[in-house]
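Sharing a structure with you now.
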Amino acid sequence: MNRNDWLKWVSLAAVVIALFLIPVFIKNPYWMLVLTLLWNYIIVAQGFRYIATTGEYSFAHVPLMGMGGYASALLVMKLGMSFWLALPLAVLVTAIISAIIYYPCLRTTGTFFFFASFAFGEVMRLCWVRFKNPFGGVGGLSHIPRPDPIHIPGLPIVEFTLFSHTSYYYLILVFMLFSVLTMYLLENSRLGAIAAAIKESKILASFVGIRVWRYEMIIFVIASAFAALGGCLYAHYMTLLVPEEFYWGLAIYVCIWAVVGGMGHFTGPIVGTIVFGLIKELLRPFPQIVPLIYGLILAATLALLPEGLISLPKKILLWNKRRLSRLRRDK
Amino acid sequence: MKKKSEKKGLVALIGSLSLIVILAALPFAVAQAAEKHETIKIGIAQPISGGWAAWGVPVDRGARLAIEDVNAAGGIKIGGKTYLLEAVTEDTQAESAIAMAAFKKLIYSHKVGYILGPMSSANNKIVQPLTEENKVIQLFHGSFPPNPDDYYNFRGTLIGEQYAPAAYAALMQLYPEIKTVAILNRDEEGGWINQKVARNVCKALGLRIVADEFIDPKEKDYYPILTKILTKKPDFIGMGMIAPGYHALLIKQGREMGYKGPFLAPTGSDTAVVLDIAGAKAAEGLIAVGTADYIGLATTSLMKDVGQRYLKRYGTQDAWSLEYYNNILYIKAGMEAADSIDPKDVVKVWRTPGFTMPSVYGDVTWVGQEFWGINSIASCPLPYTQIRNGKEVVLGVVTWEDMKPLVNAALGK
Amino acid sequence: MTLLYLQMIVNGTMIGFQLALFATGLTLVYGIMLIINFAHGELYMLGGFAVFLFFDQLRLNYFVSLALAMIVVAIVATVTERIFFKPMRGQHIPSFIMSCGLVFVLQVLAVLVFDVKDKAVDSVFPGVVKIFGVTLSMERLAIIVISTVIISAFYIFLQRSRFGRAMRAVMQNPEAAALQGVNIDQVCSSAMGIGAALAAAAGGLLAPVFILNPWIGPDLTWEGFIVVCLGGKTSLPGTLLAAFILGYIKSFVSTLADPMVARMCSAAILGIILTLRPQGLLGHE
Amino acid sequence: MNAPLLKIRDATKYFGGLCAVNRVSFDVHQGEIVGLIGPNGAGKTTLFNAITGFYPPTSGKVFYKDKDVTGFKPHQLVERGISRSFQLITLFSNLSVLRNVAISLHLQTDIDFWGSLFHTPSYLKKQKVAETKIMEILRYTGLENFKDTLANSLSHGYQKTLNFAIAIGTNPELLMLDEPLCALSPERSSAIQKLILTVRDKGVTILLIEHNMKALFPICDRIVVLDAGVKIAEGTPKVIGENPEVISAYLGGAVDVSETR
């Protein structure tokens, strides 16, 4: 482990500690909500990028997030399960559904996959709209129970109520860190190498003995599972699910966060989500122009930083070096 | 000589200095004068951007107009202190997460005690507990009936259960021969509720429902659905919660498809828009309750005056705008009666039976006890109108009293 | 009963023509530049508002204002193509994101210029025609006629004119076309222009029939994409075929079942076609 | 001579109406280098694709070690020890040379998923082993100086070599090369010829398509000649060189082909 690695790990630890300390300094429930939602969206956006490591962009990601929410909400409401049992089950169910959705998309790639996944996601979403029982139709599911309190002997009981902003914050933060870490490990595991190979050339990958379809499917299912996790947390945090909110609106935003943040690097979606989320909240006084700002940022980023916002520091250093060299030349 | 000049210089110096001091002090003095009264923040949580803005923006405008009027009239005087109102608008975009953020910002960051909103019933489901627990008065118009436990939750205007019956009653007076009806609503939560009400009312009035349809809120071409409905040969078509532009399209296309009977637009119609889109010929005979044409159907001088100023300010008349103008008047009345700006006291006053408040419709009270177990609906009278040769004509006014029997029918009792 | 079905067919035809006019431009833009232009619906919206401005407000002749709308929108689109889309030809997702940004911007501008309220354009061809009991309003008939004219004119342009052939060549195989000395940049921006003009034409034609507000774009764009994928992304005849298939599905299903089911069907069909025949109905590998 | 490693019997491939490969049969024996030649459009690459599961042959059979592998998927064939390279260079373009080869090696390194997930010591040990293997391949393919450069920034000749290295990386018993020498500078070409021979000496059987007769004749043990999808001759280079039919069909053209190159 050389000095550079040390630096990386230390800074990482510092960031994590900072995340855990935020509630100590920020007491305002409004900001807690904003941050909690941000962490939740990071789970989803990161999953979106994880699919894209095989070179495919899935537009079924957000509907699958909703599916996770619906699954856990229904398990809790109809079967009276505990949230802590419903969460893994819902993730599992959604993973299976995602496999079912993915199977027909096997033959499609690129734009075709993009639209095929959109189509299947949309069909799923319209099912929630159409079938009032059990999905609650257009009105969706309301009064979704909040997570059950956590009893750990010797520790104070962690309640989840309307006012337990910090406990929600920590709940979702922990899950976010877990997902991000998992996806980081996956990407640096053998699976990641295979994904990279598939992204580069499916044909050659198959001719060095990689079962392309199988691995693409595995990765899609894993990513969808994370989307589902985000959906569950969202459902039990908001206590409301409305099909309309999993329409293309959010799907496009997730896509934007991830791509503008930078698909090339692991931290891209995180940066993208945080930047856009904060811009949205800071510009609350001028709701009309928020989309305008978004549009301009998008255009600027895509035009100037094809690698995404994440490559900004590198780019700045580069520009600076160019400038210096030019100056030297002038001398 | 020399000394004199020195003295002169000294005087000049002092004079000029004092002048500067006075000039500098003047703004402060003015500021002090301005500091005499404090401000009360009124939160407006509405969809200002996105697809729902057509509903949210008028609300914002109406409320702000009211607040300006109140301040212009010298604000609210309580315990010798004068308070001015200040509007704080937060965008909800009719989406849960954003609406939740808006409410939390209003409650915890702006520390408001009164919130007008949200627009969508779905949003209300999640923000209502928040306002309830924080003892923040929430004024909005939801299509779903009030719940006895919602102590801080008020509806500034009559709700679906009252619109539909009023409208249908009016219709039956005009067209006693009607037997079969087709009822239409947005495929959306509010629409589902209104549809239920409409069904009950039709049953109570002995009308036979031949077509019972929901329309896709995004659809603009109603030929397919109308084809379906018109094969059932309804005597009239009753439309529920459908945005003005869209039910105008329904009327227009319905006429094109050869439908001759009357149309009914129970909630939030907008004569101007309907006439503009459907045209006078098609819109002929449209019965509506509580349309946006406040000037046309003004029952009081205040209503006419406010309507005209609204028109002058914003260039249009919008449905729901004056209902939210009313809400501000209610708040003012409540505060003055309670002699406090604290929502808790205001609620107590509002909840006292027989407490009357001014509104553009004249004096109103909070009603609904006998039906929903709580008095939290403003008893605005509803003028019902019909479009006759291109003009909106007020046929009459349904007051809360003569509506009561119908409400039972609407509730299916 | 037969009357009902005739009416359904007529309704379907009407929807088909709307979609055809709208999606042809989309196919052209996709086929030539290989970008997913999500802002196509916004160009449609702009076309509608332009007609509202010229015809309803400035009281120009309807056809003049329609032509003006097409020209204005075409210019706007060409400029945006030059600035935003040129660098990301052939990159689907970046272009998609870029066009999303464009959607935001155009919607906001529309809100700031024309208010949030629903607008209407005075009907140009009042009246109704009844053929064996089948009803069709005059203006819809007019739309069918005019869009037929526009689409066939466009096809003739593609088939006959030198430039049109160049466009087809680029659609088939950009490299080969470039080798034969076709100016790709010119073709791309003019393709964007023509596509936008078609979208604007659709907007301008439908403005009197339907209503205008700043948010009518995206939902239509999705339908447009369904049509494009269904017909085969680079095949214009396929687009027409798909437009009418979708039109009839919407008409029949929403009359016989209900609109929500119709939406479900169109999405399901897109999925099924893409899985069974990724290149679309008339598309080639 | 022992049983042939690869047996092709009546392999036939139709594209719609036209017949690209027509009832071609021949054997490839353990440890030899067989050249497959023929004028353009003779169906050489089609035959390759039909054998390697790119698309299944219309009719006919392919036996590998006396097992029927007709229509097997590429990855199945790779697992059984058949590997191929492509005429048009196909690489993991945006990855380093090292990673290109590493990926091709992934089947041999029996890494368990969880190990790779948590970088367990055993995993790291296996990685070391794999590293050495990769380095060895890079060494004798002469790519070790480029191991950190991106594949798509290599020169054409070295890309060909990398193509070859990837094919070797899967540790095949039968290596099928599609025009490994075409469009190469003389020194790269001779280097790859040497490479082919070294690989053969490591016990890998090689079947290769080639235009460039001059390059082919010295290294091949046997040559199979296709013309218009039909096998017209088979034998040692010497025999083929004298076969009048072959000369008329091919060599006449081929000489100036090899010169115009």
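Order of writing sets the chain letters: A, B, C and D. Residues in each chain are counted from 1.
Throughout what follows, a residue touches a chain if its C-beta (ideal position, glycine included) is under 8 Å from a C-beta of that chain, and two chains touch if they have at least 3 such contacts.
Not measured: the values here are computed from a predicted model.
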Could you compare the number of C-beta pairs in contact for B-C with that for A-B and name the larger?
B-C
Of the chains shown, whose Cα centre falls closest to the middle of all protein Cα atoms?
A
From the C-alpha centre of subunit B to that of subunit C, how far is it in Å?
38
In angstrom, rounded to a whole number, how far apart do the mean CA points of subunit C and subunit D lie?
50
Between subunit A and subunit B, what is the gap in Å from one C-alpha centre to the other?
38
Which integer distance in Å separates the CA centroid of subunit A from that of subunit D?
43
Multi-chain touching residues of subunit A, meaning two or more other chains, are 129, 288, 291
Got the subunit B residues that touch at least 2 other chains?
49, 187
Could you list which residues of subunit C touch at least two other chains?
111, 260, 263
Pairs of chains in contact here are A-B, A-C, A-D, B-C
Per the touch rule, the subunit B residues reaching subunit C in their complex are 49-51, 53-54, 57, 187, 213-216, 218-221, 223-225, 227-228, 231, 243-246, 248-249, 253, 256-258, 273, 276-277, 279, 315-316, 318
Touching residues (chain side subunit B, partner subunit A) in the complex
48-49, 90-91, 93, 95-97, 100-102, 104-105, 107-109, 121-122, 125-126, 129-130, 133, 187-189, 191-192
Listed in rising order, subunit C residues that touch subunit B in their complex are 4, 7-8, 11, 14-15, 18, 111, 115-120, 123, 126, 128, 130, 135, 137, 210-211, 213, 215-216, 219, 250-252, 254-256, 258-260, 262-263
Given the complex with subunit B, which residues does subunit A contribute to the contact?
28-30, 33-34, 37, 129, 137-140, 142-143, 162-163, 234, 238-240, 242, 245, 281, 284, 287-288, 290-291
Listed in rising order, the residues of subunit A that touch subunit D in the complex are 185-186, 189-191, 193-194, 196-197, 200-201, 203-211
